[in-house]
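Next come two complexes built around chain A: one with chain B, the other with chain C.
Presenting the complex of A and B:
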């Protein structure tokens, strides 16, 4: 990872290498020339045969993609203007995304519905290398929160466009999707409902609990300790352990059973996610309220505000960015943990992940894992932007 | 609360855990009501003790590898030569944390096959982030006067790193390792879905055969391990923090 120092060419003109660019160029060169671009398999579970970039694409497009990759890697290698780097990484990523679909169509024998074409290591490494470049550019540009959400929207729109246009339809992951389109959306909505629903429940219970812990010092340590211990119980075990009490409730309380509460299924998953969500919400509420400046509280008291007015008018707005940080942690964590719900029949994208693992069908694993990662990633970017916006607004409002 | 009570509780937990692992038969009557149709009460497809040791071994190997790599990376990006990588490494850490452990685990399978390897990779990658983040915090928030004094004493860059910066950051780095171990203990259970030999095997066997006793014993062993290790590492952390005169949160 040592960066190359400044070098002088024969004519004495300094050529400056970008340290990160050296890493990116090395990775990209390996991926483009030595690693397979796509994998061809006669059906969905047999081992695949590797196809290089030139073999996987029609006569003209293969060298074209190679040229784009080489140029983009060169832009990364030298110290170049940020906007040029941005254009190069975006162009390389777009070309890769478009042409992997072309490779899918090109490699599928006509009329063959069993053959599976999937992106191979070379493709993924190239995507990684240029995403690294893009991430570096975006970090260095120090975008405003709105601009970051904008980049996310543009990227999602581009992917959605590619999906709708059908140019990826010959890739194995979309063939898996085509077989399960209905259950994909059903599990997807279950996944989102689980993640968001348990977050909502945690906020409804956790905020008052956090306020209570802030006001009553004796309560604080014990509540936080209990929540901390819950946090250390592994997710898979907590999901499993909740089956017992909820099963008992279901058999002994008819009303609960009528509500759909069962030992196995969505209910224990929901409760487990809720329990995991409580700690970040409560702890951040306590930290946020504790961080409210004394002067603000004193001023509010001096103005004759009641306790309730002070809570909603002063303390809460001031603590809000910290509480939001807790909510961000919970949401990202819940989206990931909801995959485990599938193990106890709770549904969600985990269904595809575990089915795929069981059948050693990796495309099916990807069908579950890719949307999960995308959701978690989008949630993190959006909430980070919101947190930054509320924090700056607060600073502008009270330039103390 | 009396001061000796937590210590006593911890000791009781250790004794209970050791007794359960070495003589699970003793606890059969306790767990018996949780099974139906004369199903086995104690996990019978392997010894619980062996699985626990394998579980701990996976977490240990992955955490050690993660610690070495994460601390080395943090040192690199806090030196002048690697400063260019600092902002990017920060955003990579942020991005990395959005990857769910299950996804990392499942995505590692095509690359390395089933068994222990994908679990080790997932644990390693997931363990990197908290350690790297904490090492970075530790190395970038050193008291300026101490650094000045070290420079004034004529220490070379290497001496400052080994004798001042790393020891002073040790408590914070340990905090990262503790988080990483606890996450690792939990993620290792999920590793059993890709055929790694860990305690998750017991829980999954229970989920598959609808045997609550299995789920409970697998879950409780992991939970007890997590609580004990978390506590133990917290104590080490407090000890080093006191020695370094640095308060950790």
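Presenting the complex of A and C:
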């Protein structure tokens, strides 16, 4: 275990600690030696028993995983080459992902279909620590936007491969999934539809509203204030507030009822998410348009562009990266918020979360929470890449 | 010809431009000088109707500038501003092509015009055309800004402190380039500046503005010799007056008969440069040669000193 630092001093390189690496190493050491790796429960709702890394894995693999974690933590601790850090974090994450499945199979008594094995705090903390290391390395490598999306695709493919191969099938979260495979995908698509649909509606309404606020100064403060107030209403309260008006619409407008608009269900969830989305879209449109250089605007007018030509030819392209940042905020926010829609029958991954809370079945909560977090994370990475591409396209040198 | 007749712009009760009338002859450069807040920029912006006047008429070649929609009028008038106002998301070639594209020229004609202007401004179209404005130096950006203003071959070019952001050496070069191009295209230029040096150097006529009023509108020599008010006199700068007067004349116009020793000075240098050379080298006279090296005579310290005195 002391090989890494000795090799470094042997080459005459002074030992230097990596600031973030110290934190990662401390966290990893705690998780590997003091925290439980997996939890064993006789059935899905009884309290679990903790299993350490060595107890949870078959004979040779326990020490092997411990060794991988310790080496990776040491690589993180000292100032080491970026590629080495990349390899260490990827190897640690891959080993953890593979071996948690092995632990599931190993800890499940043969033929017992009631016992539940789930990852415990130690596993999650290790995943967190090495994801932090990986994220740090990827940031320091200054990857191009396409490369970052590529990393996301590779990581998603690896997870998909593990899921399809069945190596995680003995873990509790996948046992919950097996019981609800049909409704999982139905709620998933409802979740995505809700988040993306309300975003789309917010963009369709919010962009023109933002442009209007930019052009008409008197409107700006009042519109932004109203949207700000909406943003401060807690989501559950907003759902409640919407029940009465939407219920009224449903009983008095037959066409609305036919469209599925009711006091509870998808409609109020959609409206609430839409209202929350408006502020970031409108505010970023206003800020983006205000950031267009005065001289460029003056020149555009002075050369005879009409207001429309100036808007689409100059102001909008220049404000676009800022507007896109607003859309990114909305998308990530909506993917998370859509979980609450389940409270009023709006569907989505929140259904599993609230069922799980009701049944004190944490695995079911995770079945709703993990895909939500993964979706939000992926959306953030993809939109960040898009923002960077639109912002840098004009800065790229194009030598003749 | 641009006729400005009794033009006034009021914001609330304050008149920013107050009953200004002046005529700018075709193919000349009129420079509007004044301190900040004198209304010079507002006056300029009323010519292409970026600002609508409260009262008065502006005629371009006899036609009221309100006979066209504002945007169409502006497409026919070149417009260059301080800090160039280039579009950061468009390439140099796209920037220059802005007005021709708005006017719907065909692609071949636009490309030919862009290449012509870039060549004229010593920017290789192949190398600089596809670049973005931020990749150019300040001087290059300024040249692209003026090239863009000239792209649709306007008869009139409005310039609002176009050289304000340039360092002195590049500014002098940009001024020379503009004079050359003005002669070549015969463009009528109205240039706003707060720099009297620039005004005397560039202007066929100078308009001095103070608190919204046109104080004096005359040839540079007259502004120097007979300032209409104490304000104009301050603006001209009492200690600079004789040198500015000399800077208006060419050496060949001050040549006397005779010969002199030493390095010759070209006939088209300014008399101010000749005086500086005489003072610096401690000589009483300089030989003058024309562009072909043929001797024209000499220029003397006494002669120049007489010319720099207040004209009668």
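Quick note on the criterion: the second predicted complex is superposed on the first by the 379 of 400 C-alpha atoms of A that agree within 3 Å, B and C clash if a C-alpha of one lies under 4 Å from a C-alpha of the other, contacts with A are read in each partner's own complex, and residues count from 1 in each chain.
Just so we're on the same page, a residue touches a chain if its C-beta (ideal position, glycine included) is under 8 Å from a C-beta of that chain, and two chains touch if they have at least 3 such contacts.
Keep in mind it's a predicted model, so treat the numbers as computed, not measured.
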Item checked: In the superposition, chain B vs chain C on chain A residues touched -> B
Next item on the list: Classify the contacts of A:318 with the two partner chains as first (chain B alone), second (chain C alone), both, or neither.
Entry: second
Margin query: In the overlaid three-chain picture, which partner chain does A:368 touch, first (chain B) or second (chain C), both, or neither?
Written below: first
Next item on the list: Report for A:377: first if it touches chain B alone, second if chain C alone, otherwise both or neither.
Entry: first
Margin query: According to the stated criteria, A:43 is in contact with first (chain B), second (chain C), both, or neither; which is it?
Written below: neither
Check: Regarding the shared-chain residue A:298, is it in contact with chain B (first), chain C (second), both, or neither?
Finding: second
Notebook entry, point to check: First (chain B), second (chain C), both or neither: which does A:309 touch?
Noted result: second
Checklist line | On chain A, positions contacted by chain B and by chain C | finding: none
Checklist line | Touch list for chain B against partner chain A, complex | finding: 34, 76, 81-82, 84-85, 87-88, 90-92, 94-95, 97-103, 106-107, 109-111, 114, 182, 185-187, 189-190, 193-194, 200, 203-204, 206-207, 212, 215-216, 218-220, 222-223, 226-227, 230
Item checked: Of chain A, residues touching chain C in the complex -> 293, 295-306, 309, 314, 317-318, 394-395, 397-400
Check: Across the complex, what residues on chain A touch chain B?
Finding: 1-3, 18-20, 121, 132, 135-136, 138-140, 229, 232-238, 240-241, 243-244, 332, 335-337, 339-340, 343-344, 350, 353-354, 356-357, 360, 362, 365-366, 368-369, 372-373, 376-377, 379-380, 384
Next item on the list: Going by the contact rule at the top, pick out the chain C residues touching chain A in the complex.
Entry: 48, 50, 71-76, 79, 81-91, 98-99, 102, 126-127, 129-132, 134-135, 145, 148-149, 158
